[in-house]
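My structure is below; once you've seen it, I'll send some questions.
Chain naming follows the written order as A, B, C, D, E and F, and within any one chain the residues start at number 1.
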Amino acid sequence: MELVPGNTLITATPQEGRELAITMARKSIGAIQPDADVRATLRPGYATNAEALTMAGHVVAVEFATIAAANNYWRGQPS
Amino acid sequence: MELVPGNTLITATPQEGRELAITMARKSIGAIQPDADVRATLRPGYATNAEALTMAGHVVAVEFATIAAANNYWRGQPS
Amino acid sequence: MELVPGNTLITATPQEGRELAITMARKSIGAIQPDADVRATLRPGYATNAEALTMAGHVVAVEFATIAAANNYWRGQPS
Amino acid sequence: MELVPGNTLITATPQEGRELAITMARKSIGAIQPDADVRATLRPGYATNAEALTMAGHVVAVEFATIAAANNYWRGQPS
Amino acid sequence: MELVPGNTLITATPQEGRELAITMARKSIGAIQPDADVRATLRPGYATNAEALTMAGHVVAVEFATIAAANNYWRGQPS
Amino acid sequence: MELVPGNTLITATPQEGRELAITMARKSIGAIQPDADVRATLRPGYATNAEALTMAGHVVAVEFATIAAANNYWRGQPS
């Protein structure tokens, strides 16, 4: 199973870094629970629960911290 | 969907960095649950629950840690 | 709304850094739930619940980690 | 009990780093609850609970942050 | 209220750093809930609940990460 | 009470670092709840609860992040 799309943490922009964070968070859930039917069953209860969404947002923030450090915070990019 | 306003982590001041942290936390929830009606339905229960608010504050703190590092903690700004 | 008092992460001492961490944690809750009456209503239930207090203490620890790094851990201060 | 496969945090790629993060997270659960029968009993309830899966994904993100730093974020690898 | 005993993060040893982490975690709870009677009332329920203890241990780990970085991980101390 | 065995964060290998992380996490629980009988009473309920185990694994991951940084990620060790 591909856990890191493109097998790199380097992205062109913060936006792409953020998208990678979301994807990586989702893929690790997929690795822990590989059955797509189970994940589909769980999704409505999860996506309509504020605390569960906040927990997911927390994981995205942690993944993004790593990706941002990997990219030296995209400091050199043109703004 | 725009996940990082301005597509940069660099801000002029800590205050702006904090505002960016709040916005980024909100936008990742929006990416996970794109249906604005669902988010609007969930908001009252969430915004009147102390533990849910603390969890959200935790996510803001994690996002801010990344933004603050990106900005070298705004050490060079005039105080 | 002022989210970072003084608009700087730099403080003279660890004690002041800790106070800033507590203030920043509180202010981000205020940004998420701007209604002071709601926050006042929630406070008793929250402040008398050990898990909620521990969660709040966790947020303070995360905010402080950022502030401490910003201040190079106050290594150069006279002890 | 082997807690870190190969006894190193260094991996060739982000994908392998991510796999190591998942393995290390699982092995520390094994160290805390060494009885494999108990872990097998717990697994269905855990793997079909969205919040439990998100919590597990959070741990993977934290383990990966350490592994990514150990590998200097694989910045020098060919893309 | 004194939040950082000695107003420094520098300690002679990891053991003292760990003790400081526990003290700082406790003092921030004291700042959030200043009423010692309330804290005393909450303590038995908290100290006999495994999840609450684990949450507290998590906060100690986060505080210690900051203190350890402040002390350059006590790398230069004689072993 | 000894909170850091050997009073150092330096270990020879990642495996030993991981063992130290588990021990340090346990010892801080012991410092918060010093009564060994209480801890023994709590253990079965905790060790057979998947979310509690995941929370404990999270604490180990945070402790290990500090220990790994202290050891420069054991980058120089022979593999």
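What we mean here is this: contacts are C-beta pairs under 8 Å (C-beta built on N, C-alpha and C of every residue); 3 or more make two chains touch, one makes a residue touch a chain.
Keep in mind it's a predicted model, so treat the numbers as computed, not measured.
Per the C-alpha superposition, chain B sits rotated 120 degrees relative to chain E, a value rounded to a multiple of 5. Among the other chains, the CA centroid farthest from that of chain D is the one of C.
Interface residue usage between chain A and chain D, two copies of one sequence, is largely distinct: under half of the residue numbers at the contact are used by both copies. Comparing mean CA positions across the assembly, the chain most remote from chain A is E.
Chain A and chain B have Cα centroids separated by 16 Å. Averaged C-alpha coordinates put the centre of chain B at 31 Å from the centre of chain F. With centres defined as mean CA coordinates, chain F is found 27 Å away from chain A. For chain C, the set of residues that touch two or more other chains comprises 49, 51, 55-56, 58, 62, 65, 69.
Contact topology of the protein chains: cyclic, one closed ring where each chain has exactly two touching partners.
With the ring opened at chain C and read toward chain E, the chains come in the order C, E, F, D, A, B. Contact residues on chain C toward chain B in their complex (touch as defined above): 2-4, 6-10, 24-25, 28-29, 31-33, 38, 41-43, 45-46, 49, 51-52, 55-56, 58-59, 62-63, 65-66, 69-70. Interface residues of chain F, counted against chain D in their complex, comprise 13-15, 17-19, 21-22, 47-51, 53-58, 60-62, 64-65, 68-69, 73-75, 77, 79.
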